[in-house]
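In the two assemblies presented below, subunit A is common to both, partnered first by subunit B and then by subunit C.
So, the complex of A and B:
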């Protein structure tokens, strides 16, 4: 029973993604400009790291390829989260405008339905950028590529879970966009730099409320040592974050009051 | 009787002061930029502390100087950071049609409005930067009043180049509907060339290329004047470089606007 439900939701996510992709590639030039623009945007930081590490040798024990691997993992995970769940950072706005009514009337789970009803075009550039970086790092093979992909799935789930939970604060606080933006900034900023540059006393944050540790630092060590045995643990942590975020959204949903908005969703 | 020039300038001063008052009306509206700036300066103070481990000097800068450099270099980009989005939205939504029909110069009016808003942002970020710098790097490397005045002039011109080039990129919306990618690339080049690190850190060929671009005028100059004062002659050269780019950017905006205006189609209603 449970397996068939999971399968049904997997089919639903696939169908949503296919519809979203058709919608965005309708404007082909716009799509390509945004995707390549985002990849160039990310590449600018590679220049910075190349120059800095070229001057100092390493940064807190991280060499250039380590920093690039972090960028690859974070970029692909962040991209995947926004490609599949494009509304993940719009939940607050949707709730505030009363647009949740449309999803409440549909037979699929509200959160999954809201999240999957859009794709972010520039996120395709983030998603692809990670694979391009990976291909340029020496010593990568098919096995590492598979490992990287699995770790990116767990990273994407953690990104989506954290953003969705932050956005769900709007059920309790009204306009929580300031806090939500802050959590987004913190999560991205801490995930993209070597863990060792931060004081030991603050690193617990990376394995709790700002889970950069599970998105970037732990996957980096799994990838470098090809520790396949730790992959189920990484996926398990992602499932825990997803479950906690889902529970938080449902808790907030009880407080939602419909504005009686009329609308259609095709 | 007041002169024509005064009357002409007055409307732009009113636009700037209205934008300043609008920006300062709600203290909470600074939350996002204050937090993002503080977070960025904190993260980079850690990056530089790790880079300087066991070193006293990188390309002529010490750790204290580089933290102050970064704190000052980030101010123009944070203060004017969001200008592109609102300008670009005005072009796409047709709001620009309402602006162009009014009795003022579109480029000058946009610049006055952007400057008023950015002045409020800069004041808050400068205070935050000073507090952060004190906490993480100690006393600022300010030696004299002329140095402080040059830093202020450098910040004002850096912000001007930032704004005018963002306006120029925003006006590409007259030709390309989705122009965000152009801005991302511009923004990231500005970050790498002189904001995240001084120009002196770049390889020699990249330094030469950088000085042919406007990017050093957008953050390097005020940050260099603040963190590593090289005397009046160097200051005059750097400020002259900035002034040239302010004028060139303003001319570029006017030229793009003149061509773009011919493409504007207004459907009344």
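So, the complex of A and C:
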């Protein structure tokens, strides 16, 4: 019974992704511009870091390749979260417009259904960018590629869980877009800088509400030391975040009030 | 077991009271006050399997809120609803496999993709085996005559073409109960007729229970056998279409036209509209004898035209809508 349910969800997620990709490829030029534009945008930061570290030397013990590995991990994780769960930062808007109705009418888990019903075009650029950077850093082999991919899956799950929880605040606060945007900014910004430059006293934040530690810093050390044994722990932490976020969404869903606005599925 | 059973269903929403003026707004930041609005109260009815029921009411009467509680979108504040024996608020996903819904103002088809892609995804959503999906799809494409649109992006379809695809999509998983909220809104007359014919056929051929809300009386007259009218959040009428029409039998609309000007006043019976040579009257046959009036009309001058009609269903419903809230003075 359990396996058949899992198979049904796998088929659903596969079909959703296929439909979402078809929908964005409908506008081919837009798709290509956004994907390559995002990769170029990320590459500009690599240049900035290259110049900075070239001038001041290592930063808090992080060399250029460390910073690039962090960028690769964060970029691919962030990209993956938005490629598969494209609506993860739109939950608030969907709830406020009463568009959750459509998903509630279908026999699938509401949160999974909402998240999976869109893909973000530029996120494909983020997703690919991480792999390109990884390929350019010396020491690349199949084992490292596999480890990187697994850590990106756990990172993507933590990104998605944090964003989904932040967006679910809308059930309780009405418009929570400001708070959600701030959490997004914090999480991305803190994840992209070496952990050691931050004050020790505030590092606990990175392992709780702004989980940059689990998205960037810990995966970086696992990747650098090829600590495969820690991978299950990383995935376990991701599962915990996902479960907590799911619970928070369900709690909010009880307060859903729908709405009468007209809408279409894009 | 009835397909839908509703007992004392109620739903209230809590809304913040927004005071006027800047200072009151500022103080409400710290001490907000709330008010409960009862959208639906004490609604009870039953719908048997295979019945085609119109669920009517003026804007804001609580129709959509009720449908949303029956489909598991909203949780009732009080009372109980069972659809196909399941409580929609507790067993939403399980119920969703057996019900279909078309909300005229919302689309479940992907706007940028052809319906065929949406159908494939819906197949995965409802866990329909690929072979069954292909068979069911072919059947619906033929019945709804949508073969030519299946590979055209939805954004390029007309509203009429889209709604046909929309209804076909809602039937893909062969639901036992179909909820329709304003399915013909914005459609032209020809498409409206086509959609009504399709809905009537679904109910008749497949025995699907159809629960429909609409402001278009034509939808109700042609498809439904029974009407439930809800007003101010409560059921005010629940009877067969036949009974509803009988409400009008004592009211007759009489139109008359003469070749030359005549006196058109008949004491207690005054025309509701008149020119020098024509007039129309609304007569309650419980108060006035129709025969006497007709004789008098014929005797007044050289008749060019005379019509006697029952009150239109639209007017009957409008009268019910205008009735004051229980407990309020007329």
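By definition in this document, the second predicted complex is superposed on the first by the 259 of 266 C-alpha atoms of A that agree within 3 Å, B and C clash if a C-alpha of one lies under 4 Å from a C-alpha of the other, contacts with A are read in each partner's own complex, and residues count from 1 in each chain.
Simple rule for what comes next: a residue touches a chain if its C-beta (ideal position, glycine included) is under 8 Å from a C-beta of that chain, and two chains touch if they have at least 3 such contacts.
Because the structure is predicted, anything quoted here is derived from the model rather than measured.
Superposition of the two structures on subunit A leaves subunit B and subunit C fitting side by side, clash-free. When both complexes are overlaid on chain A, the residue A:201 reaches neither subunit B nor subunit C.
In the superposition on chain A, A:15 contacts subunit C only, with no contact to subunit B.
By the touch criterion defined above, A:254 reaches subunit C but does not reach subunit B. In the superposition on chain A, contact of A:102 is made with subunit C only, not with subunit B. When the shared chain is aligned, no partner comes close enough to touch A:139: not subunit B, not subunit C.
Judged by the touch definition given at the top, the superposed model places A:34 against subunit B, while subunit C stays out of reach.
Subunit B and subunit C never share a C-alpha pair closer than 12 Å once the two structures are laid over each other. Shared interface residues of subunit A, touching subunit B in one complex and subunit C in the other, are 27. Against subunit A, the residues of subunit C that register as touching in their complex are 13, 64-65, 68, 71-75, 92-94, 96-97, 99, 101, 103, 105-113, 117-118, 120-121, 123-127, 153. Listing the residues of subunit A that touch subunit B in their complex gives 27, 30, 33-34, 36-38, 40-41, 44-45, 47-48, 51-52, 55-56, 59-60, 122, 178, 181-182, 185-186, 189-190, 193-194, 196-198. Chain contact summary for the complex, subunit A toward subunit C: residues 8, 11-12, 14-16, 18-19, 22-23, 26-27, 99-102, 104-109, 113, 254, 256-258, 260, 262-266.
Residue ranges of subunit B in contact with subunit A, taken from their complex: 28, 31-32, 35-36, 39-40, 43, 46-47, 49-51, 53, 55, 58-59, 176-178, 180-182, 184-185, 187-189, 191-192, 196-197, 201-203.
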